[in-house]
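Below: one structure in structure tokens.
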């Protein structure tokens, strides 16, 4: 059993807010992150999967295949997009790093199994100081 | 004469587009950067100033004073903001890294003189692969 | 259950030595790290906490609150300080990265509970080549 | 119980291929990584060991001793070398990051015990986007 | 006049040696970099171009076009290749970072002019400690 | 003519203050950097030299020779030292990054000439946000 990790990146706009709250309440809870005109990030995503090594290839999974999967299921849907408005799997959710990481996990979990491995960790870097890690 | 450099960061939404062009034309020229729903970045800003060392302090300028200046004239106006919509000094400009860097130069030039030094370079990092440097 | 991580930094002087040992013995065991005139580091601290997501906010804990806590209980006490001489919670301890990390854990553990989460890991980066991780 | 981590680096040539396969089959499975004329990497290695703190020194193990061990058992054998051709412990193995990490684990495991600690993780960074982690 | 910079990466094998010298002489001058079985690097390339901003686009040159150019003229020819054996523009040259940077300059200079800008700097990062910069 | 750059690192204690000023005056001008009990940094040093390429070696100067020079004239004297107290070439100077960079320039200038090249830039990174560059 060994872990392999693929890093991918995407640049998105987002906003933290609850629709049923006033702008003042949103500002009080979420600070400048609730700006109604949006702000954005260069998000960095680390996907860790675990599995046994295929003795024919020396790979758990070819990292190019993992990269393709992450791009198809996540990056193509979020890169240069507004995470609140344009991303189906974030609809009706608060677009916090925690909720993004869990949604990414749900996007990937089944397909990683189909690659013959198991999803282990989704790590999302929002800024150089703030990260989340989700282990399912 | 010596150079000192201060790094600051800000997270903003933006969009590349010309209002008089159709969405198709904007998409053709600017690609996904023209997304009408915005995207965003963790911008990194490096401000270089040059001057003589004050023999009393060993400083060209106290970097804390330079940091305060950059925050007052730039970061407070752009961080967690929409660069197209909310930033006075970007109004009616295409919000490319080139134009942002020049606008930042104009924000800082006089005030750096008032600190007793000279603005030398504004470097803006949009992504880990794309940067601009403006020398006035 | 999800992990969130906050990065903070501090710049301190320190020295590795045992008071009851001679300078020669200290030099033999700790090398140049025992220099009686001190040396120092740009320490980087990663604090990981874990908990359930508050469905109202999408947060385990607002990372700004975690940052405030780390600053109040740690950074304000160690930044631009001499870790051997000026930091109460390091008194009578060898100021190794291991011991610093454990002392930081003790500083944070209760207060993280009061934020509604659980301390998971204190990671301390002393140089780009040397780190410790403490899990309680 | 606490974890300490040492980072080391090495620059090597390698190639992914199975000798019994044709060049076409190798190219199909391994892509450009199977180039018969080799390519190479600046590998980064993170070795994590765990143990109890020696109360005399404040160390699990002196990181200089861990560094010496990693250099003797690994770096001296792989740095500025061809991993397929010149490294005894990689003979008859596919030189994937997975297999390298496991071979490094085998190189270190006993000697880390002799230092009075336990090997916890071998992390190998092949590129800024591709990593493996092996926990034994 | 403003500078824009594009970062690209490639992974290659190489060797420093003079064919007319013995292995001993090569070893004495080039050290382990002359290993006859090759070694390799994750090279990082920074290409800086300068020019006037096109008022229609806000760009000196669209960085995607610069990226395409660098990939066509350089990356496609060197990535996952042996720089000594497989790269036409390095034939009969010592494959030092200095000579690579100059050869890259020659590959790009005319085409950058055709993009409407001027090549300013080719920076090549061989390891985290060793770089070269060529300004023509 | 081409530039080559070598990165080196050192960990030191220092303090910003003028002996003839009171502690209050020092605190007012230099802030927490004047702490009488010292603080410290992981300094990063980039030395750029320029020269013509030796056609026999493909080098301006072997970077290993440049590294040895920087270590002999600088790193051995400042690493794990107190910059105010133990470094001859900083005596009677305010230990600001500006003054350190200039003193390093003076340490290196002649010896770089003896290597057959010319010193171009000394860049000193004090923290991830604060740098100086000296060009002589």
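We just call them A, B, C, D, E and F in the order they show up, numbering each chain from 1.
One rule holds for everything that comes next: a residue touches a chain if its C-beta (ideal position, glycine included) is under 8 Å from a C-beta of that chain, and two chains touch if they have at least 3 such contacts.
As the structure is a prediction and not an experimental result, all values here were calculated from the model.
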Repeated interface matching A-C, over half of the contact pairs identical, chosen among E-F, A-B or D-E: E-F
Chain pair showing more contacts of the two, B-F and D-E: D-E
Whole-Å separation of chain centres (CA-atom averages), chain B against chain E: 29
Gap in Å, rounded to a whole number, between the CA centres of chain E and chain A: 34
Shared-contact residues (touching 2 or more other chains) in chain D: 128
Contacting residues of chain B [partner chain E, same complex]: 16, 18, 29-31, 93-99, 101-102, 128-135
Residues of chain E that touch chain D when the two form their complex: 9, 11-14, 32-33, 35, 37-42, 79-82, 85-86, 127-128
Residue numbers on chain D that touch chain C, as the complex places them: 1-8, 48, 53, 56-60, 62-64, 67
